[in-house]
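Read from first to last, the chains carry the letters A, B and C; within each, the first residue is number 1.
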Amino acid sequence: MAVEVLIPNAGQTSGEATILRWLKKPGDAVKVGEALLEIETDKAAMEVEAAAAGVLQSVRYEAGAVVPVLTTVAVIATAGESAALPTHVEAREALPRSTPAGPNGGAKTDSRDLLTIMRAHRPNRTLASPLARTLAANAGLELAAVIGSGPRGRIMKRDVQAVSMRPPLPTAEPGSRWSPFSVTRRTIAERMAASWREAPQVTLTTEADAEALAHLRAQFQNDLPDAGDLSYTDLFVKITAAALREQPYLNARVEDEGIRLFDAIHIGLAVDTERGLIVPVIRDADRKGVAQIVRERRDLAERARGGKLRPDELSGGTFTLTNLGAFEIDAFTPIINPPEGAVLGVGRVVKKPVVRDDELRPGMTVALSLTFDHRLVDGGPAARFLQRIKTLVEKPHLLIA
Amino acid sequence: MYRDMIRIRKFEEKVYLLFLEGKVLGTIHQYQGQEAVAVGVCSALRRNDCITSTHRPHGHCIAKGVPLDSMMAELFAKSTGCCKAKGGSMHMGDISVGAVPAIAIVAGGVTLAAGMGLAYKLQRSDRVVACFFGDGAVNEGAFHEGANLAAIKKLPVVFICENNFYAASTPMQLTTPVGIAERAAAYGIPGVVVDGNDVAAVYQATVTAVARARRGEGPTLIECQTYRTVGHSRGDAGTYRPKEEVELWKQRDPIERLRRSLIADGAAENEIAAIEAEADREIETAVAFAESSLPPQPEDALLHVYGEGVTP
Amino acid sequence: MKRLSIAEALREAMREEMLRDERVFLIGEDIGIPQGFGGAFTVTLGLSDEFGHERVVDTPISEKAIVGAAVGAAMMGMRPIADVQYSDFLFCAADEIINQAAKMTYMSGGTVKVPMVLRAPVGATNRGAQHAQSPEGFFMHVPGWKVAVPATAYDAKGLLKTAVRDEGPVLIFEHKRLYGKGGRKEAGGLDLTSGIPDEDYCIPFGQAVVRREGADLTIVATLLMMHRSLAAADLLAQEGINIEVIDPRTLVPFDNETMLASVAKTGKLLIVEEDNLTGGWGAEVAARVADSGFDLLDAPIKRLASYDVPMPFAPVLENFVVPSVDRIIELARAMVKGKV
């Protein structure tokens, strides 16, 4: 039995993934659940795990290959299969045995084993038909730029034609360097452009008194076990979720001439990683206590940076929270994470002179920026929502009212 | 012997009708008129003696004891046929009764028969092989080589030439300068001519030849002069033969002759009728069997190509 | 362990099988005549002294009868080893080979077996067109026959034994220039003897041997051409070109797996055969690799074969027609360097 190792369909918008690196090589024994390779989709980098125990064989694509989703990239030979092909110099058999040819006299060789042998000796070989090679050469195309749609990923004439119909690569310009989009970058580019195009976005800003919030944070850090790194973001998840529970019209999105309101509140946290922006989701944030939110946030952020998130952890958000306070940013104009309806941007909690009881004194403030889809709600309701956030920030004890 | 001749005649007549109905496919080379040769020869053989046959094998096979239902099923192209529907009319046979599946290449069986005789000799058995072939075959190289080898090695073969005077449409006078039985002299073996429509004469000649072979004295060539009262194959109207000639031979019908002779010797008409009725029933049963049998699976075409396995 | 030539190894195989199984007998021309040749190439020498003329059957010059009798005897349970003196004469018995031996098992629905062996020497030896053919391609084409092409004494003995024990008809093609002990210029001056173990051994059909390993080019070759390919490979190794030489040992069944695995490694296939190019066994093998090995190929599959001419007599002409070591080197080098 051979079990195929597929690039999973993880809800990527682009139907492709890049193989970052193989964690196992052909011939390695693998266990169920063991990570075989790392891939990068537009959502995140993630690992593909073995669905069966056996021996990894027939690795078909090298690191760097961009393959369509559900492509078979390798095979796991489960018990009973032998991967090795004999090479004998002088064969000797004790028992006489005659092996009549099948009527077609044809090869019974598993073509996937042959590709494994080929790659062991000619690792850089791309599978492409002679015609495709000629066409690519004539068009000045590198085969590496072409994804093959033929058997076993073979590049065929139609694949070369598809690429040559794309606009040409930019020419070299002195004093500059051009590099193509990575999968993540391209996806972000496409999504941001779509968001900008489709949703008329308005940003409202306000400044909240952050003294109570700062105090709350210190208390939690002290009194909750293992919350030494409890951050403002954790508190804002709780605050935002509570506000959404009270004013659910922003826990929604525009969809097909209508508005879809969601029952559950799943808050996406914008995380900055080397690869780009990634948004893991904390589900049912309104039903979780701060302690749990801290744990989840910590785990998600770490795995986001390590590229180890699962597809279900990257999807399903109903509202996004983005905090640029660490970079000394105050108010800004975040772009909505499509297809959601709104996004809250949080700035730095900063010491500032404030007016309280008509007196000028040192205080702490935080800038809050709400961008909303004006198709979904108007300025008034949006402003009310932001005002409520401000209220909860300044009077966090209301969270347990 | 009457019984077997009647069975052959009725089988062939039935097959002819079925062929016209499209139930028997391909082509058939029929034996009507020559029954005395097959029956006369096979009656002189033991069950474990073998025969080789030709493209016109139905009569030989029936006389040797191949079951009618497996023959009919083979003609109907069913998997229950004697060759599992892989052979057809021209390769009929059943080795378990000593009928080697027929060789349709003219004279192709002659060298095979020599080899079979060689095997019996090496095995120190006293089996013999009767090798049927027609007048056309004696001009094939294989006839010469097989007869020569059998003669020089004194192999236990009886060569039976069914001379019906025509090789397909070509009459003997155009092809054969020397009489068939006379050619035996070239090999130093006895050559006899018998009236191929006299079953007793054929039988006697075969008995003599078989005894000679069993004694290790070598082969004999028996030329049985006979006539097929039907065309070479179905679809042959036989227009190359003069009508008078056909009529003349019909007068000498071997079954009629034996019937008259049996009656003259005291056989009762109703006994003969009973034999004929039984033959009719046997053939109807064979047809029913063939019709109700299943055809082979298409993939069976891939079986039996190579000798399978190795016997250490 | 002793060293035997192919002729000696074949003789020993026959002798051992005849001792082991009383059904085995030999049939052919000039094979048992007292004080005779032992067949055209001495292979059966001495066997009639040991087994008598009943089991070593001398025949008239009657190829049809030789082959036909072998078929008939095999059908009756014997295990004949028939031979013709030159493979060209197989065509005299073409009907017996193609229409009887090959088809009997099939036409009888599997009820009649034909466990015979037919041996025939191939190869050009300055005797002119009718004593020179390498007709393996004709018979590879016939469903029902297995075809062996032993190029070494070790293989000759093991394959003949398997052939005798096989339940169906087997053709063994031996090369005239490879029978002797070797040292002959035509065979490249190679030692043609092999070490033959004392114990009984059979070589299964359908198992090729990698005679030489290399990663630059795969050569598949049989009989004399296999030896010439090895000689070419040795010379090319001095140029840093490493050729993998595969000896299929049997054409039917053919060891596709070993060949494809080699092509997977090298990406290039050269078939070297002595039969003429059009419709030779190489054409069949090339078609298979073009099909099953399409993605492995870096270059077109090439066949080096005799030209499509009847074999001429004069040595200068024959040497031109049959692939030489030099021609193998030239084409192999061009393939490795990507020039074809």
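One rule holds for everything that comes next: a residue touches a chain if its C-beta (ideal position, glycine included) is under 8 Å from a C-beta of that chain, and two chains touch if they have at least 3 such contacts.
All figures in this text were calculated on a predicted structure; none of them were measured in a lab.
**Q** Of the chains present, which has its C-alpha mean closest to the combined C-alpha mean?
**A** C
**Q** Based on C-beta pairs in contact, work out which chain pair has the most and send it over.
**A** Top-ranked chain pair by contact count is B-C.
**Q** When the centre of a chain is set as the mean of its C-alpha atoms, what distance in Å lies between chain B and chain C?
**A** Taking the average C-alpha coordinate of chain B and of chain C, the gap between them is 40 Å.
**Q** Using CA atom averages as chain centres, what separation in Å is found between chain A and chain B?
**A** Once rounded, the distance between the two centres reads 83 Å.
**Q** I'd like to verify one number: the distance from the centre of chain A to the centre of chain C, where each centre is the average of its C-alpha atoms, in whole angstrom.
**A** Chain A and chain C have C-alpha centres separated by 62 Å.
**Q** Do you know which chain B residues sit against two or more other chains?
**A** 305-310, 312
**Q** Where in chain C do residues touch at least two different other chains?
**A** As it turns out, chain C has residues touching two or more other chains at 143, 146, 162, 165-168.
**Q** Could you tell me which residues belong to chain A and also touch two or more other chains?
**A** If we look for residues of chain A contacting two or more partner chains, we find 95-98, 100-101, 103.
**Q** Going by the contact rule at the top, pick out the chain C residues touching chain B in the complex.
**A** Interface residues on the chain C side: 25, 27, 54-55, 57, 59-60, 62-65, 67-78, 80, 95-96, 99-100, 104-115, 143-144, 146, 162, 165-169.
**Q** Which stretch or stretches of chain B touch chain C in the complex?
**A** Interface residues on the chain B side: 50, 52, 81-87, 91, 93-96, 100-101, 103, 105, 108, 110-123, 129, 141-142, 145-146, 148-149, 152-153, 303-312.
**Q** What does chain C use to touch chain A in their complex?
**A** Those residues of chain C that touch chain A are 143, 146, 154, 158, 161-162, 165-168, 197, 201-207, 209-211, 213, 215, 252-254, 256-258, 260-261, 264-267, 284, 288, 291-296, 298.
**Q** Which bits of chain A are touching chain C when the two form their complex?
**A** Within the complex, chain A contacts chain C at residues 85-101, 103, 105-109, 111, 113-115, 117-118, 120-122, 125, 127, 129, 152, 154.
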